[in-house]
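What follows is a pair of complexes built around subunit A, which joins subunit B in one and subunit C in the other.
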Partner chain A sequence: MEIGLGLGILGAAVATLLAGIGSAIGIGIAGQSSAGVISEDPDKFGLTIVLTALPGTQGIYGLIMGFLILFRTGIMGGEILALTTPQGLGLLFAALPIGFVGWYSAIYQGKAAAASIQMIAKRPEEFGKAMIYPVMVETYAVFALLMSIMIFMFLPF
Partner chain B sequence: MDNDRYAYAVGRIRAMETSLLDRGKIERMVEASGAEEALKVLGESEYAEYIASLASVYDYETMLDQVLHRVYRELRRFAPDPELVGLFACRYDYHNLKVLFKAYKMGEERDELLVRDVGNIPLTVLQRAVHDDDYRSLPRAMRDAAKQIAEALRLEANPQLVDLLLDRAMFTEMVEISQQFDSPFLHDYLAFQIDLLNVKTYLRVKRANLSREFLEQALLPLGRLDLTKLVQLADPPEVLADRLLSSSYASFMEEAIQSFQKTDTLTRFEKLVDDFLLEHVKKAKYVAFGLEPLAAFILAKENEVKLIRIIMVGKINRLPVEEIKERLRDVYV
Partner chain C sequence: MAIAKMKKVYLIGHQAEKDCTLGLLQRMAVMEVNDLQGKAAADAAWAELVENDREQESLQELEARLAEVRFALDFLNRHYPQKKSMLSSLEDNRMLLALDDFNARAADWGRETQEVYRELRRADEKLMSLRNEETRLQNLRTLLQPWEKLDVPLEEVRTTAQVCLELGMLPNDELAAFRTALSAAAAEGFLAEVHADREETYLLLAYAASSKEGLKEALKQFGFNRQDFVSLRDTAAENLARIEEELRQAVAQRQAVLEETKKLVACREQLNCYGDYLVMERDKKQLVNNLTRTENAFVMEGWVREKDLPLLEQKLAADCNTVVSLAREPEDDEAFPVALENPPFAAPFEFITTLYGTPKPRGIDPTFALTPFFVAFFGICMSDAGYGLVIAALGAWMLWKVKLGAFARRIFKVVLACGISTVIFGSLIGGWFGGLIPLAPLFFDALADPMRMLIYALAIGIFQIFVGMGIMFYHKASKGKWLDAIYDELFWALFLTGLILFAFPQTAGLARVLAPGAAVGLVFTQGRTQKGIVKKFISGLFSLYNVTGYLGDILSYSRLLALGLATSVIAMSVNMLSKMLGGTVIGAIVMVIMLVGGHLFNLVINILGAYVHSSRLQYLEFFNRFFESGGRSFKPFKLNTNHVNVTLD
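Moving on to the complex of A and B:
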C-alpha cells in the first residue's frame, strides 16, 4: 500500500475519532444533568432529551467526513486510487477542521446544554431560550465541517 | 473539567429547588388567620405529607426535624463530595453536644432540643462520650474542646463556657473541612459568618459591660476582621459601623448597629445578618458545575425551616402580622 493511501485513511479515522470523542464527552455531561433533573421530575424527559442530543451532531459530521474520504480513496468499493503522498496529506488535512473543532465544540456544547437543562428544571416554559445558547456553539462545528468539505472538494486530483 | 462530576447533582438540585417555598407562599402563611390556617397554606407544598401525620399544630417541630433529616440524607446520597454535606452537618453534632453537656453536667435536661439523624456522629456516640467522660471517639477539634469543658465543669457550672468552646471548635472544624474545597464561595461564607458572629459578640459584651479580657476570649478566631484592633470597648457603637464602611458588611452594618442602639435588642441585627448571608448564598444560582448549588440548597432549606418556625411561633402566640413580618428573613428562590 502506498503511503498516500495510508494518509488518506488516517484522515478518515481522525475525523471520526476526534469528533466522536467530543460528542461522547458532551453528551455525557448533558446526560448527567438530565438524569439529575429526571430523577426528581420525570415529566421533563421530553425537553431534556433534545438538549442532551445536541452535542451528538459533531460526531455525525466527523462520520460524514470520514465516509467522504473513504469513498474518494476507493477502498469502499470501486477502484483503489494510487494516491501520492501530497494527495494523501491533502485528504488528511481536509479531516482536521471537523476533527478538532468537532472535538472541542462538542464538549463545550455539552456544558452549555447541561446548564440549559438545569434551567429547564426550574423554567420549562423558557425551553426555546434555553435551546439557543447550546445551539450557538453548533455554528462553529458547522463552519468546520464546511471548511473540511471545501478542502476535500478542491483537492486537485 | 473536574467540576463536570457535579453535572448530575446540580441538575437534581435545580429540580429540587422548585419545591422551595417562594415569597408568595410565605406571605400567605404570615397573613393566615391562625396557626391552623398557616399550616394549611404550607400543606399546598411538599410539606403536605408531613402535615398529614402531625398530631397538632404544636407538633410542627417534629415536621421541621423530618424535613432537615431528609435533606441531609438525600444530599449525602448523591453529592459527589459527601464531606461537603458533612461540613454543614457537623453543626448539628456541636449543637447536640452543647445540649448533652448541659443535661449531664448541669442537670438541664432539654431532650426536645436534640437533633437526631442529621449530624455526622450518631447521637448515641455523643451521649456515651459525655456520660462516660471519654471523648476519644470524637473528631479532633471536638475532642479537645470537650475535654477542656469537662475539665472546667468540674470546678464550676458555666453554660457560657460550653457554648464558647464548642462554637470555637465547630468553626475550626468547618474551616478545616472547607480547606479541601477550592471554593471562594464556601470560604467567604464561613468567614462572613465568623466575622458577623464576632460583631454580635462585641455588641453583647458591650451591652453587658464586660471586660476586654472577656471579649478577647469570646471572639472566634479564623475570621477576617480583628475586632480588638478595630475598636475599643469604650467606643460608641457608631465607631464600629464607621470602621466597617470599607468592609463587605458596609451595606447593612450601619442600619444593624443603629437598630441595636435604638431597641437594645439584636433581633433586627440578626435578621440583617441572615439576609446578607443569604444574598451571598444566592450567587450559587449562577453556577452550573460545582459544589456551590449543593451548599446553597442546604442553606436555603435551613433558612426555610427557620422561616416556618418564626411564622409558627408567631401564629401560636398570636403575634400581630406586622411583628411576624419584621422577623422574617429573605427567601432563596
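Moving on to the complex of A and C:
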C-alpha cells in the first residue's frame, strides 16, 4: 500500500474520531444536565432531548468527512486508487478542520446546551432562546465541515 | 400579517348580571381582563367611588370541591393507571357537550362525586392504616429473624430473683474477650450463640442475679446491645410464623379494598368532566378578584381585539342588557397585550415567532415574512425528496386521520409544509433516499457541484437580509421616520449592493460609484446621535466596521449547503453499506433492516438539524434586522377544559 493511501485513510480516521470524541463528551455533559431536569419534571423530556442531541451533529459531520474520503479513495465501493503522498496529505488536511473544530465545538456546545437545559427547566416557554446559544456554537462546526468539503472537492486529482 | 389592533374596554353593569357577563366572556374568549384592584390603592378618586370585589366564600367552596375531585382522580390514577397511547397527548378526545347540558348535568355529577369521594377517602384511610400495619410487622420481622433458632419462649427471657436472662448482640471481634471477662466477673455465667452475621453475634446470656453489678461494667465496655421483646410471648419462630400470617392477611385485605373500589373506575370520566365544570366555575369566581364594585354595580377593565368588539357588544346587549361597554383606543404610551394575526398559510408558523419572543405592541410581527424562508430553508437543509415524502406523509396522515388538538394541528401543518418543501428542493438539487431511487436532480446536483450550491445559499442569505432591511425601512417610514429609514436601512442596502456588484466584471463600474458613495453617506449619517462634529465623524467612520457583521451573517447561510450535503452523504453511505450485505438470504434481511433503520436515523437527525438551523437563521440573521421582542401575549379569559369540549349556541 502506498503511503498516500495510508494518509488518506488517516484523514478518514482523524475526522471521525476527533469529532466523535467531542460529540460523545458534549452529549454526555448535556445528558447529565437533562437527567437532572427530568428527575424534577418528566414532562420536559421532549424539550431537553432536542438540546441534548445538538452536540451530536459534530460526530455526524466527522462521519460524513470519513465516508467522503473512503468513497473517493475507493476503499468503500470502488477501485482503490494509488495516491501519491501529496494527494494523501491533501485528504488528511481536508479532514483536519472538521476533526478539530468538531472536537472542541461539540464539548463547548455541550456546555452551552447544559446551561440552556437548566434554563428551560425554569422557563420552558423560552425554548426558542434556549436553543440559540448552543446553535451559535454549532455555526463553527458547520463552517469547518464546509471548509473540509471544499478542500476535499477541490483537491486536484 | 400583523399585530392585532386592541381596544381598551370597560364593562359596567348590575351585580345581578355579573355572573352572566363573566360566563359570556369565558365562552367567547375575546377579552383579557385586567386586575383593577391595585388601581384603588394608587388612585384616591377611584378609591372613593368603588371598592374591591371578591367572592371568597363561593371561591373557597369551589376550591374545596375541586380538591375532592382531584383526590378521587389521583386515587384512581394511582391504583388503576390508564394506558395512554403515544398519540393521546396530541389528540383531542374531549366530549362534545352543549353548555346547557353541561350545567344541567353538573348538579347530578356533584352529588355522585361526593359519594365517590367519600368512598375513596374511606378506602384510602383503610389502605393507609394497612400499610402502617404492614410496615410495623415488617420491622418486627427484621428484628426477630436472627432469633429464629432460639427455642426459649420470649416471655421467659427475663430477670427473676435468682437468675438474669438476657438477649443481645456483640460485635464479632469482641466475643472472645467478652467470654474471658464473663468468666472472670461471673463464674456461673452462661453464654449461648444463637445466630451470627457478618458483624454481630446474637447471644443468649444467663447469670446469677448476684453477679449483676459486677457484670454491668463488662457489658457496657464490650458494647452488649440488649434486645427486649417485652410484649411478645412464645418463641421467635412462632412469632415469625404469626407475623407472616398477619402480613398475608394485610395484603389480602388491601387487595379486597382495591377490589371494592375497582367499580369506581367507571366514574373516572364523570370525575374528569365534573372537574372541568368546577374549573370553569372557579375561574369565574377567581376573576371576580380582578373586578371592583359599588353597592350595586360591577366594573371591569380589559383588552379586546378591535375586530371582536362588535360581536361582544351585540352578545352583551342580548344576554346581559344592563351591562354598558365603553371602548377606547390605547393611549400613545400604553402597552397593550399582543395578539398575532396572520393569513391561514402563515398562522401555524406563529409558534416559531413566539418561541423567540412576543413582538412589542407597536413592533412588527415577523411571522408572515419568515414563513416562506423557514419552509424553504427546511427543504434545502433536508434536500432529499424521499425524506420529504415521508415527512409530508406523516403530516398529512396526522392532519387527516387523527383528531388533533388545536396546537398539534398547527404543528402538523408546519410539518406538512416542510415535507412538501423538502420534496421540491430534494427533487431539484438532491436525490431520492440518497440515490436509492435513481432519479437525477432536475436543477443540478448539489453534491457534485457544491461551489454552485454555496453561491446560491449565500444569495438566498443576501436576499433574506435585504428583505429584513426592507421591512425595517417600511416600518420606520410608516411611522414617519423617513430619515432614519434612509440613513440606517437604504444606505446600508446600497453599500452592500455596491460591494456585491464588485464580484461581477460587468457591474464593477457601477460598484465603483455605488459602494464609496453609500460609504460616504454612512460615515456622515451613522454618527448623528453623537454630540460634536469630531465625534459624529469618528462614530460614522467606525460604523463601517459593521460590514463584518453583515458579512458574517451572509456566510452563516452556508449552513444551508453543509446540512444539505450532510443528509445526502449519510444517505448514500447507508445505501452503500447495505448493498455490501446483500447476496445471501440472511444478508438480504439484514440489508433491509439496515436500509430502513439507517434512513430512519438519518431522517430523524436531519429533521432536528433542519428545524434548529432554519429557526436559527430566522432568529439571528433575519430578526436582527428588524425584530424587537418584549411584548406580552394576549391571554383572553376563556374556558380551560380538558375533557369536555363545550359547544356554543
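Criterion: the second predicted complex is superposed on the first by the 157 of 157 C-alpha atoms of A that agree within 3 Å, B and C clash if a C-alpha of one lies under 4 Å from a C-alpha of the other, contacts with A are read in each partner's own complex, and residues count from 1 in each chain.
Throughout what follows, a residue touches a chain if its C-beta (ideal position, glycine included) is under 8 Å from a C-beta of that chain, and two chains touch if they have at least 3 such contacts.
Just so it is clear, the model here is predicted, and its values are computed rather than measured.
Asker: After the alignment on subunit A, I want to confirm one thing: do subunit B and subunit C clash, or do they fit together?
Answerer: They fit: once the shared chain is superposed, the two partners occupy separate space.
Asker: Touching A:Ala35 in the superposition: subunit B (first), subunit C (second), both, neither?
Answerer: A:Ala35 sits against subunit B, while subunit C stays out of touch.
Asker: Who does A:Lys111 touch here: subunit B (first), subunit C (second), both, or neither?
Answerer: first
Asker: Roughly how many degrees, to the nearest 10, is the angle at subunit A when you join its Cα centre to the Cα centres of subunit B and subunit C?
Answerer: 50
Asker: Tell me the contact category for A:Lys122 with respect to subunit B and subunit C: first, second, both or neither.
Answerer: After superposition on chain A, A:Lys122 lies in contact with subunit B alone.
Asker: For A:Leu83, using the defined touch cut-off, is the partner it touches subunit B, subunit C, both, or neither? Pick first, second, both or neither.
Answerer: In the superposition, A:Leu83 touches no partner, neither subunit B nor subunit C.
Asker: Examine A:Ile9 and indicate which partner it touches, taking first as subunit B and second as subunit C; both and neither are also allowed.
Answerer: A:Ile9: touches no partner chain.
Asker: What is the contact status of A:Leu17 with respect to subunit B (first) and subunit C (second): first, second, both, or neither?
Answerer: A:Leu17 sits against neither subunit B nor subunit C.
Asker: Between subunit B and subunit C, which one contacts more residues of subunit A in the superposed model?
Answerer: Looking at subunit A, the partner in contact with more of its residues is C.
Asker: According to the stated criteria, A:Ile69 is in contact with first (subunit B), second (subunit C), both, or neither; which is it?
Answerer: So A:Ile69 meets neither subunit B nor subunit C here.
Asker: With the two complexes overlaid on chain A, what is the closest approach of subunit B to subunit C, counting only CA atoms, in Å?
Answerer: Shortest inter-chain C-alpha distance (subunit B to subunit C): 11 Å.
Asker: Residue by residue on subunit A, keep only those touching subunit B in one complex and subunit C in the other, then list them.
Answerer: Common interface on subunit A, subunit B vs subunit C: nothing in common.
Asker: In the complex formed with subunit C, which residues of subunit A make contact?
Answerer: Against subunit C, the touching part of subunit A is residues 50, 53-54, 56-57, 60-61, 63-64, 67-68, 71, 76-77, 127-129, 131-132, 135-136, 138-139, 142-143, 145-146, 149-150, 153.
Asker: For the complex, give me every residue of subunit B touching subunit A.
Answerer: It comes out as residues 4, 7-18, 78, 288-289.
Asker: Touching residues of subunit C toward subunit A in the complex: what are they?
Answerer: Residue list for subunit C touching subunit A: 352, 354-357, 450-451, 454, 555-556, 558-559, 561-563, 565-566, 569-570, 572-573, 576, 579-580, 605, 608-609, 612-613, 615-616, 619-620.
Asker: Using the touch definition from the top, list the residues of subunit A that touch subunit B in their complex.
Answerer: Listed in rising order, the residues of subunit A that touch subunit B are 29-30, 32-37, 39-41, 44, 111, 114-115, 117-119, 121-122.
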